[in-house]
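Below, chain A partners chain B and then partners chain C, in two separate complexes.
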Partner chain A sequence: MTPADNRSAVISRAIWIATAVLAVGIPFLGSPSTVDIVFRISVLVIISVSWNLMAGAGLVSLGHSGFWGLGSYAAILSVNSLGFSFALSLVPATICGALIGATLALVTGRLRGIYFAISTLAMAEGFRVVAVMVPDLTGGFKGLYLDSSRFPGMLSVNVVAALGAVATVLIAWWLSRSRYHFALRAMRDNEAACQMLGIAPLRYRFGIMALSGAMASFAGGISVWRGGYLDPDVAFDLINTINSQIAPILGGIYTLSGPVIGSVMTVALGEVTRLTLGNMVGASLLLYGVLLVIIVIGLPNGIQGALRNGSGAWLARLLQFMQPPRSAP
Partner chain B sequence: MQLLSQVIVDSILLSGLYTLLAVGLSLGFGVTRIINFAHGEFVMLGAYGAFWLFTLFKVDPLISLPLIVVGGYFVGWLVFKIAVEKVLAAPHLNQILLMFGIHLVLQNIAVVLWTGDVRSAMPDYALSTWTFGDVFIIHGRLIAFAVATVMIGGLIGWLHFTESGRAVRAVSQNRDAAVLMGINPVRMYALSFAANSALAAATGVVVSFLINITPFMGFSILLKALAIVILGGLGSVIGTLVGAVILAFSETTVAYYVPEGSGWAEGIAFALIIAILVVRPRGIAGESKET
Partner chain C sequence: MSELLKLSNVRAGYGQSIVLDDVSLNIGEGEVVCLLGANGAGKTTTTRVICGVVKPVGGQVTFAGADIAAVPAYSRVNLGICLSPEGRQVFPELTVLENLLLGSFSPRARPHRKETLEQVFALFPRLHERVAQKSGLMSGGEQQMLAIGRALMGKPRLLMLDEPSLGLAPKLVLDVYAAVAETVKLGISILIVEQNAEVALAAAHRGYVLANGRIAAMGSAADLRGSKLVQEAFLGKKPVRRAARPAASYDRRPVP
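Up next is the complex of A and B:
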């Protein structure tokens, strides 16, 4: 490592740590609206990192709202029926997501590309139909209210969400330095060639989908504590699928910092639209759609990629400090 | 027994509509190898077109049909030229995300323009019925079946008996060979994408007097179309017909015979998608092609 590399590694660590401290600290100190924004960014970081992990292995998920909704139901049901506390309710939520992710990996073992994407979409929508059709468990269209006597206070919810986001990024960082990362990247490029080199795609797919599902379900579980109400349309709202992919694409897909930067930008964009256009229904989603189209066509590497190649190279270098140094495999 | 004949009649009529719904998606995929996630939105736009022409100018949906088909063709062509053309050589991920973005854009343009209110076009034939013995036939559904038959017949005729239709099929079967024969594949992609949109818009006109129209209707329609196309095999017209018949019969049967069946029927499409992808990903009649 040259001294310059060393220095940039130090700056990179410093920026990451400052961001983490800020995320966890604001719930204690910030004004209610700031805290709300940090909560939304935290949750978005969790699901977008989760989406990005799968995308990094060549698995395009259109079903993150399914993991999310499942986690939400697991949390709310464990509280209402089994009397779980706030912290404890996140355990079944996370486990459910991991189980479904792993099951989906086994079931869709042969599928790639578009077929895999469609199967995740079908899974999420299938869950929604089931949730509507078993009203004894889920309350059907009438929905469910969280038992408010178990509510631990907004501060705990916000702090746990921020900690969850930090943990998610740490896991992704740890993965990005491991053998796993290179195996997944190779899978993305060519699964058949991977197999020839002795990487079992199914094993890696199983692990990454269980992890990704667990993260997204955790986010769904914690968001229930913020909303306090759940019905099938809220739980399996497609917006979570959309958000989970918008953020990494905006920030820079397949990178570690991309989902984080993208999440901040997505929430900021949502706020700006809300302030400028009021509560015009559909406006923010229309904007997201336009952004998605423009970025996919014009900036396939997200904002970071665009800056690196363009006139904003200085900003790109700044953002690059947030990339961890990659050790050779 | 009377219930059985009702189920069969309903299923057959629904199969026609479902085939019309999915055949464009299947054609578009077969040629461009890109799934049009905005398919449902073209149906939605067609439905709104028919609804507004009916409400504002008292134009019967059947009369506005040709107009809307042409309109759908041009909107589809425009979307292809502006966006889809740019990702033809891009990785699957970019194609999927782009189509998802277009889906969002079209859906929310409708939300912004027309709000989320539920609407429906109500020509006289929407609710009137014929009765044969114990079997009811709603005129609207019969008309939908007739329109579907005519449109699909037209599509098959175009694909088999015209120069451009044959060229589209050639590109679908073997792109490289088609290029060697002097066919411009990108033109054929544009043509099939536009045809896909036109067929979707035609479906929209038909459903405008069968179901409620909202800006959000497109997504569930897309999922049904996907189920049919995957069942039959992506890119196969005969397969689409088979897939439509299977979905229509299973949905109708469940709706009639299972308690609370109409709710569960909504989930059949998803169960079929997962099942067929697990058992036989290329579908019933699909050729063994990797995407």
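Up next is the complex of A and C:
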């Protein structure tokens, strides 16, 4: 490693740490609107890192709103029915996501590509229908209100969301340095060939989907505490599936920094369109769509990829640390 | 010579169609055996049965004295059965080094991966030169070397090479087989599955000829090279007057 490489690695590490400190610090200091933006970015980081982990193993999910909604219901029901506190309510949310992720891995077995994607979509839609069909538990279309006596204050919620985002990225970083990462990456290329090398694809699918599901459900669980209300359409809103993919695709799919960069960009874009075109219904969505098409055509590797290859190479060197390092498996 | 792998009366196939009808073969420790056959004879299915991707419906597969019918494919690598698959199947997005290191994923091979890597680089200096290159960008011959190298990284006791000469220039075929000859010196048993009988018989001690899911002939490499069946079917020494006739006696016999 040359001294220049070393320096940029140090600088990029500093950027990561500064980002994490900023994310956790702003809830204490920032204005309410800034704090809210950080909260939305944090939650988006969690769910998009979760989506990106599965995509990195060749498993394209269209069902992240299912994990999200499940986490939301697990959190709100454990508070309203069992009297759980804020922090405790995130535990059943996370566990539910992990269980459903693992179950989905077993059920989908060897399904790949579009077939896998469709089955995840069906799962999410199935959950929504079930939530409508059991009004005794979920309140049906009337919905549920979170027991407000349990509300710990917005500060705790914001800080926990930021900490969750930091932890999620740390987990993804740790994974990217492990031999697990190599097995998953090889599965993305050729799942059949993996078996001949002694990699059991189902076992790795099981693990990554449980982890990814847990993360996404955690994000769903914590957002209940911001909204305080849940009905099936809110819980299983497809926007969460869409956002969880837009951020990594925008930022740079399969990379560590991609989902983070993409989440910041997505939320910033939403804010800008809301402020400038706020009174035109649907204008921000239209702009979103157009931008996404442009990015997919023009920057197939996302912003992170463009920085790495294109005219922004100088900046990419700074972000080099954000690439999964290529250590021995 | 003690026996390493033994197939006895194996029947296997895909769904309703039976590809291998009654295949028995064995490979000794340190022995090089080739399996010859035309397209569709069942050669690749045989390798799949041995590495566990296809489950036989009848017969027995024993490895190092133990029945391995219940061992799943990914665990057989840990027993020392490593395959360089037909069509190479390298991971195109990964570098040469990453491909090789993935070859030593099994717990048995992992602690030795540094020494094995040295061995593979000594065997294929070309791979050493290209160590940081994405494998998808390499030539077919280099990818074949990588596929063999990746299988060797698993510290095989039995190395299976499925069509290592497929689609390679004649010069590269010789290079690949020179490496096979070096591998033999490491004491690894090798099963070479080939259509190119000439090179395979030159490298092997013994051979089997597979036709329509049965062993049609077997013997030492020298015997097989001299046999009429192999000469006519694989070495292109077909008598002129019979050249136009489509079906020789061993060919396309209906499976009962």
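The rule we apply is simple: the second predicted complex is superposed on the first by the 318 of 329 C-alpha atoms of A that agree within 3 Å, B and C clash if a C-alpha of one lies under 4 Å from a C-alpha of the other, contacts with A are read in each partner's own complex, and residues count from 1 in each chain.
Just so we're on the same page, a residue touches a chain if its C-beta (ideal position, glycine included) is under 8 Å from a C-beta of that chain, and two chains touch if they have at least 3 such contacts.
If you're wondering where the values come from, they're calculated on a predicted model, not measured in any experiment.
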Partner chain(s) touched by A:136 [first = chain B, second = chain C, both, neither]: neither
Per-residue contact with chain A, leading partner among chain C and chain B: B
Contacts of A:182 with chain B and chain C, given as first, second, both or neither: second
First (chain B), second (chain C), both or neither touched by A:111: first
Touching partner for A:245 - first (chain B), second (chain C), both, neither: first
Common interface residues of chain A - those touching chain B in one complex and chain C in the other: none
Residues of chain A touching chain B in the complex: 55, 58, 60, 62, 107-108, 110-115, 117-119, 121-123, 125-126, 129-130, 132-133, 238, 242, 245, 249, 253, 280-283, 285-286, 288-293, 296-297, 300
Parts of chain A lying in touch with chain C, wherever the complex brings them together: 179, 182-183, 185-186, 188-190, 192-201, 326, 328-329
Chain A partner contacts - residues on chain B that touch it in the complex: 35, 83, 86-87, 90, 92-98, 100-105, 107-112, 115-116, 215, 219, 223, 226-227, 230, 260, 263-264, 266-267, 269-271, 273-274, 277-278, 281, 290-291
Chain A partner contacts - residues on chain C that touch it in the complex: 51, 53, 72-75, 77-78, 82-83, 85, 89-95, 98, 101-103, 105-106, 109, 113, 150-151, 154
